[in-house]
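You will see chain A twice below: alongside chain B first, and alongside chain C after that.
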Partner chain A sequence: MPITPKQIIQISNLARIKIEQDQVHLLTEKIGEIISFVDKFKTIDTNEIEPLFNPLDAIQKLRFDEITEIDESENFLGIAPSVRKNLFVVPKVID
Partner chain B sequence: MGLEVHLQLATSSKIFSGSSTAFGGAPNSQACYIDLAMPGTLPVFNELALRCAVMFGLGIDAEINKISVFDRKNYFYPDLPKGYQISQLHHPIIGRGTFDLFLGDKTIYQIGITRAHLEEDAGKSVHSHFDKESGIDLNRAGIPLLEIVTDPDFRSSAQVISYLKALHILVTYLGISDGNMAEGSMRCDVNISLRKQGVDSLGTRTEIKNINSFRFIERAISFEINRQIDILEDGGEIIQETRLYDSELDETRSMRSKEIANDYRYFPEPDLLPIHITDDYISKIRNSMPELPLAKRSRFIETYDITEYDADVLISSREIADYYEEVVTTCMNSKLAANWIQTELLAKLNKSEQSISESPVSAKKLGLLLSKIVDETISGKIAKQVFSEIWSTGEDPLLLIEKRNLKQMDDSSEIESIVQTVIDQNADQVKQYLSANEQKRKKLLGYFVGQIMKSSNGKANPKAVNQILSDKLSEQP
Partner chain C sequence: MEIHSQSIAQLSAGLQRKDFSSEEVTRAFLERINSLDHLYNAFITVNEEGAMSAATKADQRIANGTNEILTGIPIAHKDIFCTQGVKTSCGSRMLDNFIPPYNSTVIGNFNDSGAIILGKTNMDEFAMGGSTETSYYGPCYNPWNTNKVPGGSSGGSAAAIAASLTPGATGTDTGGSIRQPSSFCGITGLKPTYGRVSRFGMIAFASSLDQGGPMAKTAEDCSILMNVMSGNDPKDSTSAAKESEDFSANLSQKIDGLKIGISFQNHAKNLDLGYQNCLEQALNQLEKLGAKLVEISLPRNSFAVPTYYVIAPAEASSNLSRFDGVRYGYRCDNPENLHDLYTRSRSEGLGDEVKRRILIGTYALSAGYYDQYYGKAQKIRRLIRDEYLSCLKNVDVIVGPTTTGPAFDIGSKNNDSISMYLEDTYTVGANLAGLPAMSIPIGFVNECPIGMQLIGRDFEESKLLNVAHQFQHATDWHLQSPIKKNNA
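Then we have the complex of A and B:
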C-alpha cells in the first residue's frame, strides 16, 4: 500500500483539513492510486539529467532595497474580524 | 552542542516586499499586503539581502552556491499569515565554511559552519493585555534573516559565548546586521546532546529556542546539561524536543505547540525563481569587503607590537579599531595609545554608557594629548588631569596645557632649587639616608622624589629630578 490510513490522518491534521472517520478508508485508496500513478516516474533513469529547479527557463529578478509601502494598517485592520490595540486578535497562542 | 543563529540583515525594506524593517513601529504599521499574504500578491527578492548573505559567505570563506532555491516550510501558526515560511532547504545560499575562534590560550579552535540560508521572519504574538486571546503584530513578518547553522562542535558554554561574540563582531564589521540582541536582530537556538566519555556518537539532542542574551545562553545551557545528566543517570531517555528557556524561573521546559512531529512538508517555492549568482557579482562584493576582524587582529599585533589581549579589545568593534589607529597616527606610540584607550577612554565610556562614536574626546584630541607624553612635555599623571578636563569641556588639549602652564619643568636650575629646598627641609631624613643601606636608601629616595614632585605641582620632569637629587645627595657631607 503506497499510503496508510494513519498517514492520511496525519496529513489531514498537518493541513488542517477535517476528514470524517468513514472517509479515511476511501481517501487512503484514492490517494494511494494517485501515488502509484506518480510513482511510475521513479522507474525513469535520471542519472544523466541535471536537476530542474523551476520549469521556467528564467532567473529571479531582484528588487532594489527601498521602502515603497506606506502604512495601510487602518485598511487591513478594518477587515479583520477582531482587533485590539492595533493588533489582530486570535485565539490564545500557547508556546 | 551546535548552534543556529538567526541574524537580521541590515536592509531597510523587507526580504520580499517594500515594507519598512525599522524597529519599534506601531503594531502592524509596517506590514503590507504581501506580508499579510493577501490573495494575488507575489514576493520579489531584495537584492541587498542577497548581497549581505554573500558577504557573510566571503567573510567565513565558505562555499557560495551559484544557484540557490527558496522552499516553502509549511506550518500553521497565527503569526504566519501565508501558512508557510519562505526559507531554503536543499539549496541554501551559503554552503560549508569554517569559523576560527581564539580562546585566549593562543590556540585556534575551529567551528564548522554547516550552512547559512535566507528566510523571512514571522510576526510576533503579544500576550499581555489579553486574557483568553493573543494579539498579532506582523511588523516582523518578512524581515530578512540569515540562519547560520554550525556543526555540533561546541564542548562548553564558554565556546558558545565566544563564538557568538566573534560572530557579532564579524557581522557588524561587514555591516550586514546591527547584531542587536535586545531588539531580536541576533537570536540563538542551541542544540544540546550528551555523550559518555570515550563514546564517539552523540546522544539524543534537545533544542533550546530563542535565547536573546549572552547571560541567558550560558544559564540555559548549564540548566539543560544538568537536566539531561540527571535523566541519563537515572536510567531515563532524552526525548528529542524543542524547549523554551524561561529566564525568570531559570529553567528550560518543553514547548507544547509546534511539537507534533516537525513535518514541514517542504517544497520548492513556486512564486520565486532560482537565484543565480555570477562570479562577477561575487568578485565585486569581494573587492568592496572591509578588513575582517581576524586580519585586523593579526595586523595590529604585528604592526603595533601590542599583546593579543590588547588586540582583542581594540578590534572588538570597527569604531574602536578606527579610533585606535587615528590615535596612533597622531601620537606615534602604539602601546601608549593601546593602554590609554583601554584604561582611560573605554573605562570612562563604559561608566557613562556611551559608545566610542559618542566619545566627548575625539581620537585626534586624545592623539595630541598623548603626543605630549611622548615628547615629555607633560607627565602621564598630568595627562590624566588634562584628559578628564577635556572630557567635560571638549577643550583642545594643547591649548589647555599652554593655558594652565602644565608643561613639565625641564629647566634644571628651577628643579635644582626645589631639590635643594626639599633637602634643607628634611635634614633628618638626609642623615638617615647617608647612613642607610642600599635598600633603605631606595625607600628614602622615593620619599624625596615625592616631596619634590609635590612642591613642583607634579610638573618636574621625573628623569631630571632623579638625576639632580642623586647628585645633590652624593655631595652631602
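Then we have the complex of A and C:
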C-alpha cells in the first residue's frame, strides 16, 4: 500500500482537514489509488534535469519598495466573519 | 437574426449601426437566462440590476462615440474572477458569502471596455474537476443533452454560450478547464500562453498552471475577448512582459503552407472510431486550405497526467491554506479553540474533491516525499516542455483531439477519480508546458459535439486564432446549436 491510514491522519492534521474515523480507511484506499497512478512517472530518469517551476522559465519580477496601494482595511475587515476594534476576532489562543 | 443567436462581432456591429441598444441586448439575454437556466444551472449569480445599469451607461458611450468594440456587449464570467460588489463563490460553500471588495484585472479590463457583466457562471469547486459536478450550487447540465455533463471546470461558461444565454464568457484553464468544456458543448475556447492574461483577482488553484482565457461561439469572438483580457499587469508578478496585441488582425490570413504536426500514434489507441473520423475530416479540411500534415512524436506526453496530478494538488494545498475561517469566507459555529476554528471551517466549507486534492498535495510536499513527488514532477515537466518545443521547431501548430470522447453521463465518473483525471489526457500537456492551446468544434459523436485541439508556440495565440478562423470560414460546425435542435 503506497500510503497508510496513519499517514492519512497525519497529513489531514497538517492540512487542517478533519476526517471522520469511519472515513479513514476509504480515503486511504482512494488516495492510495491516485498515488499508485502517479507513481508510474518514477520510471523516467530525471537525473541531471533541472526542475521547471515556472512554465516559461521566467524569473519572478521584483518591484520597487514603494507604497502603491491605498488603505482599504475597512473594506477588507467588512467581509470578515468577526471583527472588533479593527482586528480579526478568533477564539482565545492563550488561556 | 434574433439577438441571442448573434455572435459578439455581429452584436457589436448591430450596436454600432443602432439596430438595437445595449439595454435591448442585455435584457434579451437576461430574459433567456430567467426563462431557460433552470434547465442548465449555468449561472450561480445573475447580475440583473448591475447589468441593466451598465447597459444604460454603455448606450450613452455609444451615443457620444466613445465606445469600443465590446461596449454594450453582455459577457458572463466564471465565478472565479473577483467582481467588486458581486458574489464570487468559486463554486464553494467556503466563499458562498464572499463579496469581493475589488475587481480582478480581467474584470477591470472588461469594465473599462464598456462590456456588461451578465452574471457569474457555475464551475467545479475551486476549478477542481472536469464535469462541473463538484459545485456547491449543484451540477451544470449540457445543453446538447441534459443527461450529460458540460465538462469542467468552466462548464457553466461553456453551457451558457451553447444555450445562447450569453454571447461570450471567460473561463480559466489549469489542466483543460476551458478546452474540455468547449469541446463537450460545441463552442470555441482558448487557453492563452501562461502569463498572457493576468491572474490578479482570479482565485488561485495551481498558480504555475492557471490561465484565464476567452470562450465564445467563434474564433473571431475569442480574438475580440482576448484583445480586452490580455496584457502585462504589474499586479501579477508572473504576468508576461508582453503588451497586448491585436489578436483579430491576422484572422483572414490564408494558411497555405502551414505545417501541422499530428501524433497519430498518440491518438489512435484512446479515441473511438466516430471521433477519429471527425478528426480525419477536419485534418482533410485543413489540407484543403493549404496546410501540410507532418507526423510528430510526443512520447513523454503519456506522463503528463500523473505529473499534473502531483503539481496541481501540491500548489492547491498551498494556495487553499488561506481559507481558514479568520479573514473572510465560511466560519464554523462556536469554535472551541483556534485549531478547531481552522479545522472545522475548512472541513465544513470545502467539498470532498477539494479536500482530497489538498491531502494529496500535502502528502506530495511533506518531509521525505517532496523530492520523490513534487521535485520529480517538476523535472518531468521540463522534459515535457522540451519535447513540445522541439516539435514546434518543425511545425507551426500541433493538432489533435481535445478529449477522449464526447460528454459523458452525469454521475458516471463520480466514484472513479482516475477515470475522471484521464479525461485531461490531451489537454494537460499544454498547461505543463505553458503553451497556448484552443479547442474548436469539428463534428458530433452520438449527437454530442466534439472538438479539435490546436497547440501553438509561446505567445502565438494569433496563429491559433488564424487557423481556427480559417477552419470556421470553411465549415459550419461552430454554427450548430442545441437551440435549433431543441427549439428552445
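Criterion: the second predicted complex is superposed on the first by the 92 of 95 C-alpha atoms of A that agree within 3 Å, B and C clash if a C-alpha of one lies under 4 Å from a C-alpha of the other, contacts with A are read in each partner's own complex, and residues count from 1 in each chain.
Simple rule for what comes next: contacts are C-beta pairs under 8 Å (C-beta built on N, C-alpha and C of every residue); 3 or more make two chains touch, one makes a residue touch a chain.
Remember, predicted model here, so these are calculated numbers, not experimental data.
Using the contact criterion defined above for the overlaid structures, shared-chain residue A:71 touches chain B, although it does not reach chain C.
In the superposed model, A:40 lies in contact with chain C only, and not with chain B.
In the superposition on chain A, contact is made by A:49 with chain C only, not with chain B. More chain A residues lie in contact with C than with the other chain of the pair chain B and chain C. Of the two partner chains placed around the shared chain by superposition, chain C is the only one that A:18 touches, whereas chain B remains out of contact. Of the two partner chains placed by superposition, only chain C is touched by A:31; chain B is not.
In the superposed model, A:92 makes contact with both chain B and chain C.
Annotation: chain A residues 14, 16, 53-54, 56, 58, 60-63, 72, 76, 82, 88, 90-93 touch chain B in one complex and chain C in the other. If you check the complex, the residues on chain A that touch chain C are 3, 7-8, 11-12, 14-18, 27, 30-31, 33-35, 37-42, 44, 46, 49-56, 58, 60-63, 72, 75-76, 78-82, 88, 90-93.
Across the interface of their complex, chain B is touched by residues 10, 13-14, 16, 53-54, 56, 58-69, 71-73, 76-77, 82, 84-95 of chain A. Interface residues of chain C facing chain A in the complex, by the touch rule stated above, are 98-102, 193-195, 208-209, 234, 237-238, 240-241, 300, 303, 306-307, 309-310, 317, 321, 324-331, 335-344, 346-347, 350, 355-356, 358-360, 362-363, 366, 372-373, 375-383, 385, 417-418, 421, 431-434, 458. Note for the complex: chain B touches chain A at residues 11-13, 17-20, 26-33, 36, 44-50, 67, 69, 74-79, 91, 125-127, 129-130, 132-138, 244, 255-258, 260-261, 263, 265, 268, 270, 272-276.
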